[in-house]
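I have a structure here, written as structure tokens, and I will follow up with some questions on it.
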Amino acid sequence: MQRLRAKLAPYFLILPGGLWLAIFFIIPTVTMLSFSLMTGNEADGYQLTWHFQNYTDALSTYWPQFLRSLEYGAAATILGIALSYPIAYWIAFKGGKRKSTYLFLVLLPFFVSFVLRTISWQFFLSDNGLLLSPLKSMGLVSQDFHILQTTVAVVLGLTYNYLPFIVLPLYVALERVDPRVVEASSDLYAGRIATFTKVIFPLSLPGVFAGVIMNFVPAASDYVNAEILGGPNNTMIGSIIQDQALHVRDYPTATALSTVLMGGLLVGIFLYARALGTEDVLEAAAR
Amino acid sequence: MNEFDPAFLRGITQDRRSFLRAAGLVGAGAALAACGVKGAKVSPAKADDVAKFWAGKKQNGHVDFANWASYMDANHSPLKKFTSETGITVNYKEVITDDPTWYGKIQPQLAAGQPIGYDLMVVTDGIELNKLVQFGYLAPLDHKMLTNFEANAGAAFKNESFDKGNVFSVPYATGYTGIGYNPKYVKEPITSIKQLFDPKYKGKIGMMKDTQELGNFGMLLNGVNPETSTEADWKKAAATLQAQKPIVRQYVDQNYTKSLSNGDLWITMAWSGDIFQENLSNGSNLQFVVPSEGGTIWTDNMMIPKTAPNPVDALKLIDFFYRIDIAAMLTEEINYVPSVPAVKAQLLKDAQTASKSDAATFTTMASSPLVFPTDAELANLRHYVNLPNPGAEKIYQDLFLPISSG
Amino acid sequence: MTDTLPAIELVGIVKSFTSHGEIVQAVKGVDMKIAEGEFFSMLGPSGCGKTTTMRMIAGFDEPTAGEVYLHGNNVTGVPPNKRDVNMVFQSYALFPHMSVFENIAFGLNRKGIAKDEVTRRVGEMLDIVDLGGREKRKPKELSGGQQQRVALARALVNKPRALLLDEPLAALDLKLRQAMQVELKRIQREVGITFVFVTHDQGEALTMSDRIAVMSNGVVEQLGTPREIYERPATKFVAGFIGTSNLLSGTVSEVIDGHAVIAYGPEERVLVAVQNGQVIAGSEVELTVRPEKMELSANAPHGTDCAVRGTVTEVVYLGTSTNYNVRTSSGADVVVFTQNATSADDLAVRGDSIWLSWEPRHSYAIGAPS
């Protein structure tokens, strides 16, 4: 009895973690992978036939949307960093006692539902809307110029909607930069620019790293922005997966596409971490 | 972790075989879910299904009703009246945004034989309705209890092709898909689908994202009746629509009336009632036409999921909507084609007692071809494409989906 | 001091902050001259304005009024990166993402010094601070003492006109602190740069400094050599803050030959030097006497001019010395340190009636200008 208990104890100890892993990771992943190799339809059912052709079929049909999603995700991430950095920098270094108030103000719009926010952009960017109407009446842009249903609109929407995912980690990283270290830099003959490029920016890299991942992954798999702000040539892979899963109910195609997307993003993150030097980043993050 | 019993680590690392056994158990569970998924097809309905289903079912005093957005007045007056007359309370939720999504939401519960949380729902004729019927997810209706329907429903709305004899469904409202345009920008009369393909409207044209709607218009332009179309017709239509794509601004789903009134779109595929409603609520002057090539007619239908806990209450509510006064009440609000022809007379009658502005609206409505189409117009309307089996469905979707999501 | 320009000169420095809507003066008019090559300390409790004063020398804060001169040049309003002084921060403020080498080379690289020269000078500095071979480490891989030395090297390698050190030893443990005190002194001698050292530790200041400015409440209480400050505290604050001081007070009975005489009783009297005309008979004076200057005896001493009677209230044996707490006949509580050099026996036990005596030159009047 004693022996048995001693033998079983380790398994009981890993049970919570193991269950967590199984429920939230292993079972969904295995299910997804197996679905992606099935053939069949809703009426007759689906059989696991190791039909790897699902992948080649899905990819050969939808590679433009894949590529587009990665491009849009990257563009939104770069724009997002460019926009968030000054905001996060200002709050972290110049916010003083009102830091949390400013942060709250930045995040306030994001308490509104995702879809509603995106629809409000639709109004803003509309052909005769707040932005274009004055420009058109001043003759700055031609009458048939439009932003809605273009790449610009989708990327703007993605950038805006995922802004907090960059602002927050950037703010946290910048907030953690010791002001004495910044003073030390200026004491050691570094001007504002050198202090930024040599000290502040390198120290904020963990925030940039986290922000890029947290922004790029959901932005590249987003479909709401493309649906609401995009046109016929702006469909992203998220829409395709949604259509295949919910509308066409072609589970094998949907899961094959999801698997490729997941794998692609994982590889991307891995390469990105390698390029940036994960060790340095993680080291800096662990400070 | 530092003061750890080393036996723990040994237990995991050295005793690998039993660990693998445990891991295998987890894997097996996953594999079980993975080796295949059963088909949903059931054997066709039999004559005694109705009796079998309704045997022993009782009125429970409550019904949960799922409907589309803006498909009843804000006060839900017909439902209030229903409750005050029958004592049956109604929980009304406008949760349906489109058929495929709704079907995707309820299908797992229906397949598992569980209630979906609603006793009554409204689904358009088409692929999803066909599946609900085919897979045996719907309760067969007991026509003995549908006295108002039998007495008041128009002949055109009984016996529609997608559910002959109204075995599982009866219409809630009917509309058609045609062309909507904003005369502020479009300075010529619109009569033809060809005008949706006119390059002078480049960047201002809307087509519907829904593959059935989209495909229908491609076929109609090519002179094909969608209801009797073949795979070759689909391919041709897909090519036609693909060629149109460069001048299309957007493949629209729900918000297109706003775009049409604010000038983002000038001309678009549209549903009749939407245009009527937008004009009424925003004072716009949008126009709707059934094109000379023909438009499509569709019907939103009321039905009861087989797993509904309150089917008797639901059936009573269905029949309530077929009382002439209630049908008129609904039409006055939603502006779609009623299934009860007597509504026209009722509208004119209501106009006499209504306030001045309402009276004018009711009179306009009674003479509107959008709400009461003429026989000639009805003759020009086609039913949706018929997709008899899953194979055909896949072929169809693979042809048209890449157009709307390029 | 020679007639060369002072390395650092502060003229009428005032610094006020706004805190909760009220204006608070952290530094209230400080003047000081720090000579070339001097080891100068600013000593005081936290909040006395010493760090603020140093930050104004470095250029991190600008004075509300007054001027800062470095070698005769007015640098008020000049940003820190344009001032030829370097700072060693209390927490070292090393760049965590750079190696030891990169940290030390930072200032030289900013100045655009050639690469070979940078390598050579960093190497030299590594030797001076005894960190040779550790140039590739990251700061967090070093001990506290090593980090401290990197911080020192990072500042010194630039050969600044003055080095500012803000409580650099506060984070080290006692042993390391003592070793670093000696080390700092050695390095200062070696490089010959002016050191301005901020500390709240009087022992540290006394050990290392050429001169000390004792600060309190935003003003300089006393500026002098360690010996001056210790033995002749100018104010009650300095007396209390530096070491242990015995405070006596009384009414002046007469002034003889530049000394005020306070008579407590028969044979009990205390002499303290005062300036002529400053103190007259009948005025109250306060004076201090360091505990180690007092002698304790059982009988009335002969041949001394300062003697009071008292009762021993506590005896604390400390090995090399013994401390006696004594209540004098006038009611003052004083401490006497005696070396245990000759006798192993205690001079007195608790409750004994004893005499305390000292030489008049060890009494210092407080508050009176010297």
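A, B and C are the chain letters, set down in written order, and residue numbers restart from 1 in every chain.
As a convention for this text, a contact is a pair of C-beta atoms (placed from the backbone, for glycine too) under 8 Å apart; a residue touches a chain by one contact, two chains touch by 3 or more.
On a predicted model such as this, the values are computed, not experimentally measured, just so you know.
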Remove chain A from consideration and name each group of chains that's still held together by touch. B | C
Please state whether A-B or A-C has more C-beta contact pairs across its interface. A-B
With centres defined as CA means, the chain nearest the overall centre is A
Looking at CA centres, what chain is most distant from chain C? B
Approximate Å spacing (C-alpha centroids) for the pair chain B, chain C: 87
How many angstrom lie between the CA centroids of chain A and chain B, rounded to a whole number? 34
Express in whole angstrom the distance between the two chain centres, defined as the mean CA positions of chain A and chain C. 57
What positions in chain A touch 2 or more of the other chains? none
Can you tell me which positions in chain B touch chain A when the two form their complex? 5, 7-9, 11-12, 15, 22, 26-27, 29-31, 33-41, 100-101, 104, 131, 134-135, 203, 211, 245, 248-251, 253, 255, 259, 262-264, 389-391, 393-394, 397-398, 401-406
Which positions of chain C touch chain A when the two form their complex? 58-60, 79-82, 86-87, 89-91, 93-97, 106-107, 110-111, 138, 140, 154-155, 158
Which residues of chain A touch chain C in the complex? 178, 180-181, 183-191, 194, 198-199, 202-203, 205, 280, 283-284, 287
In the complex with chain B, residue positions of chain A that touch it: 6-7, 9-11, 13-14, 18, 22, 26-27, 30-31, 33-35, 38, 40-48, 61, 64-65, 119, 122, 126-129, 144, 146, 148-149, 227, 231-233, 235, 239-240, 243, 245-251
